[in-house]
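What follows is a short report on a single structure.
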């Protein structure tokens, strides 16, 4: 048994014990133990991975294991990690851990779905078999419906339904794309590595085939990555979701999209990526600016943050499509960074909402005086969001911009510069929000006596801030780790697809 | 004459034995009208007997294709597997029927219920194993005629009567056309033995093409494919819930399998033609049914439309007539059966306990009956194709088969339709979990039989996908039926 | 000279008269009679094909025999159902069977 | 010689920030203040020691060595040979800036002890100060342009936090937001400039020795890229440098990006002294100076654009300063004007003989010199203003007048600083401004006369301010309620110290500044050009006299008459020529009002509407086709039959 499977096994055990235990204490105990175990495991994995790499193991994926699952269909249970997945697993570990503490007072059913969601997420990141990946992807999606629908707020039924249907619609595209890849590569293996390297019975996917399936896969994952114009599930979904679910969703689930785009669309269909990236570059570039500008006029904190997520996640896809190893590394860093800071943001917003019963910017005022701890957390999340050096956002954005600038043609230049403007707009909406709700004087007597964060909330906030600052201050180990996995892919693209995209009218 | 060839029909004979035993039991145990005791005995006999017979079939399975009566009867291991699958479904139906059978007005009729059900099952057996259109036709009718009686089982109920009338009228109409189609086949081929027909089939012969269409329409009626489906919703709504459950999986599944077999065996030279037909039938079936299902309020009617669209997915496995498609179809049937019967078992128990049949009645169901609604959720998710439940695997495999057969766009349309189907399945989930109700279905406990049935369904839904052995087991028998 | 075509034309006529009857008659019993016409059209086909085209075998005849038996059974149960309908509706007009719809 | 200890110049304030920021809640005001000040004291000592060691070290080829005690790859980039380094670089201007920053910062730390006494958030204040000091030091010690950008952003945030220190007051919050967003907007230019620069030169480093090589396409890997070399040599580098300058213009409040600085005066006054007068706002000048070798060699024409922008800004700000009534705003506009002087000085440098010609590049030295002296006397002015505000509890001149009798120390120090800024010998401002004028005349006499005129305006508005505060009409009524009093020693001592520097730095070491800092690094001996100096002195004196004539009396008929004669001019100047309103209109009405709102609308109603339409369409379809399921069995059969016929036709045709 490969130890990566523990990432799925632990949530399974958690599910089982949650089912068995009774009482709040028992549930909390299970959740805390389980999520700590997951966090510890992901940290251990990171160290082990780095040690292994340092020892000179340059295999594309480490800790790989493969067991035949559906033999007649060539489906296997295959796991393995590279730098990207390790980073994502670490992120998931942190978010699940903090999410547990943020949803401290929730009931058993909530945690059941929550854990199922976590299982999907972890499973997705350890999979290197397309079928498994897709399965875990969907496992992660469906609990969202109930989590939002039952424990959400506002137009929760509508939002939950919309979110679920749009994401499932995307998975329809995705599934077709996966079939296309599978049969395009000879129909002998679902294993990513084999398909990418044409081993294990896989053959090179024909260029024309690639061009058909690339949009399917990219849209399929892109919807989850909030790609314009398929992002509208995100504001509603986030606004209605309970705190920890927003965290998990924005923090991890949306990363499935970016990760999938890279791992499947780019990695397996490099020629098509080179040929067709321009279409999606325009879409994602638009999304980056559009999301940021839309965020400026929102009045609901969660909507604001959701649109900001659209912008930031758009940046992830945008960077991936730049097809340079720096930009892609930046994309992964941005995923990490956005995951952490949005989780922090949503956590704090949720806590404020829990206390003040409103998320309307116009109704909140002067919170800094009333609930200083939460306010500081909020401000730090905001600063990270607008890319303050020393926090993670800066690192990611700079890497992306430098990487994107490696494409010297006017088309890429214009888009890159347009994307750069989003950091100015980000400053606008973040400062507007911070200025309105934290600063000033509170005029609402109901808000005068709000209590500051409890210990479990503090723990969650501190852990997240520590991670954000950690990445922001010492990014190179992470960046190197990610790049070691990104650059072979990009080299492959540059090697096989040195031609300029013929279909791009702007070149 | 070699009487040993009867042994090749051991599946049918063993089922017949079960029927006879039950008949006897009904005759002798249920004789007195005043006695209520024996009722329990009958279901106590029926379920284990059927299980034993299932095991017997599987154990006694021939290693290869066998025939009897000069190819009139054909059987292959896969067919036995399908029969066993149908048996399991029937067992679940019997389990859930128990609470209904124990109602006062039904106690005297329960022998009839079991016998009629088993006779339709026998008809399906023959249909599946037929090697000749006569055998097929007899099997089909044997499956249809008792079914009418089952649909009309609650005599005093106007809806039940109407449902039966619609069923029998449409059935007769379709069998009239089917029979005419078979006659055309006979006229052009000179034989109705499956094994001989493929050789004389000709895709340019329009009479044969017309016969193909008539055949598909006749069997499409049983599978309830659009546009031959219109009876379905009315009949499902009017029929007793248990019977609806039976109708929605067992007879449909058997017919779909038979269609697959006959299309690949008999109409093999016309594969292009029937691919074209099925292509459009599947698209229309899935889409129309989904669109209808969206706004249903009666849950049985809703499940009828769901069943129509599921039938579309089921038939997707037949596209191109590949071995992979066959496995995928049988597997899909199995998974669909488990999940659908789970849903019907719950609908049935709710109806029996509270008399409520509308989706809006399920508001707040989770608050009062968490376990039932949890199982219902599992089953609905499985129907919608959500992992890790079995429905995901079956859908994936059937789409994969469709893709491999060369129909990516058909698969795509089907995939997009899964979104709509997810929507309406979620409507029920929403009713149970999210909506609040002033008059929810009261808390109740279900009877032991239903509990066992639900447990079986839940186990099936959860494990039939993850445990790849089941699929591989099916796959290992997918030989011998393809030309 | 009576050729196979005569039979075919006759059976086709019977089929379509049956279909027409099915689609237009109000009385359910009349509809059942129409269905009998359809079934008999097919039976006639079988017999004619066997006699005219494939006289060496007996498949058609047998099919006809079985088919007749089956249609008898079908009709029997159909009539039973109609009686049941009549008992519930106090008439047997097909347009009254419209409680279940939409 | 190694300067490894310089790392502590950065680390100490950082730790101070961490400790004060995290544990501040549990510290008393006193402890926090003393702790912060002590740490800064150590930093100052280290800075001076560094300066001492650096400037006493031997020159190599007549040039102070550029030393890099630390440099490591902080964030690797994987394409184009780029990497984001962090490190410490010491060269003359860095060392000079170390002294400026640590000195002013220390003074402000001490001063704040009195000024912020008893304020809520005292610990927070000191934490921010520490963070700012660290960031500013990091900015000047940067080894590469990206590191500079990083600390550039950090000082921006510190500025934001400190302007908004009184966060319960709406104007402070608005001002902080404005400051951050405007500079952020400018930084966009900086960032893009960096990206261009990095891409075409293959390096972010300030070590320009390779740049030329890169640009000529001789570096391995880069040389192959012909287009890169062509682009780099011709058009790209000036563009990149100008974009960087845009960032600098934002920070240094060049027109039209200056609008945030006057509003930034909402922050505590010591903060204005430190950030918005002495250090952060000169970052733009420092940046241009840092990239100076490239400017002068590759983009001299562009550099002159910088000069003209500077000249216009200087004029504009001086004009506005003449009409302001808020003393801090006057100082703010004066700051803008003076920084523009520095920009002009850089801009007027001529490329004759390349940048090896110290004489042609006199402006560089003058600019740095002025930066240095300006920091001292402007800090003095602001700190004095702080004392006055502390005493009067208002920024408006109408509450002042006749303050000289209440606050003698403040009065004297303010006067000296005013003389210095007006360019009266022997105060430091005279020497540095004179060099700027010389450089301007060297460039063109037009520029020279313009700058001389603006210098006169400077003298005028400064003395208008001086008389308005200390002489003029006294608001007796108000002063009876609140009798103003001299500030405590902890506030006056920094004033005196800074004044001492202001007084002495010019004439104790006349001409020696050039031996430390010059464009080439070779010693440049400053010699006064008396024709220029004489003119400027005369003009300044006339301007002062004019101000005295108009504003020194208790009654000011001329001032009022002027106001009455040119009401529109005064009004426009008072309202800063309505630039803020224009910005307000463009950003709020156009960008957010039109673009954002329509995007948001588009998102909800078109994009989202499309998906809702899909859902609605499905439902509507469901209702519209329900008649298909009419409940009539004959119709069912008909559809059945129709289906069969259609299928048959499909096959046969």
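A, B, C and D label the chains in the order they appear, each numbered from 1.
The rule is short, and it goes like this: contacts are C-beta pairs under 8 Å (C-beta built on N, C-alpha and C of every residue); 3 or more make two chains touch, one makes a residue touch a chain.
Source: prediction; values computed, not measured.
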item	value
Central chain of the complex, centres being mean CA coordinates	A
Higher-contact pair (C-beta pairs counted), B-D versus A-D	A-D
Subunit B and subunit D: spacing of chain centres that average the CA atoms, whole Å	78
Chain centre separation in whole Å, for subunit D relative to subunit A (CA means)	37
Approximate Å spacing (C-alpha centroids) for the pair subunit A, subunit C	64
CA centroid of subunit A to CA centroid of subunit B, Å	42
Residues of subunit B whose C-beta touches two or more other chains	165-166, 169, 173, 177, 233-234, 423
Residue list for subunit A, restricted to those that touch at least two other chains	165
Junction residues of subunit D, two or more chains touched	615, 626, 629, 631, 633, 637, 641
Chains touching one another, given as label pairs in label order	A-B, A-D, B-C, B-D, C-D
Complex contacts: residues of subunit D adjacent to subunit C	626, 629-634, 637-638, 641
Subunit C residues touching subunit B - in the complex, by the definition given at the top	8, 11, 15, 18-19, 22, 28, 31-32, 35, 38-39, 41-43, 45-46, 49-50, 53-54, 57, 59-60, 62-63, 66-67, 70, 73-74, 77-78, 80-82, 84-85, 87-89, 94, 97, 99-101
Footprint of subunit B on subunit A - complex, ascending	69-73, 75, 131, 134-136, 138-139, 142, 145-146, 149-150, 156-157, 160-161, 164-165, 168-169, 172-173, 175-176, 179-180, 182-183, 187
Subunit B residues touching subunit C - in the complex, by the definition given at the top	133-134, 137-138, 141, 144-145, 148-149, 152, 155-159, 161-166, 168-169, 171-173, 175-177, 179-180, 182-184, 186-187, 190-192, 233-234, 237-238, 301
Subunit D-touching residues of subunit C, taken from the complex the two chains share	19, 22-24, 31, 94-95, 97-102
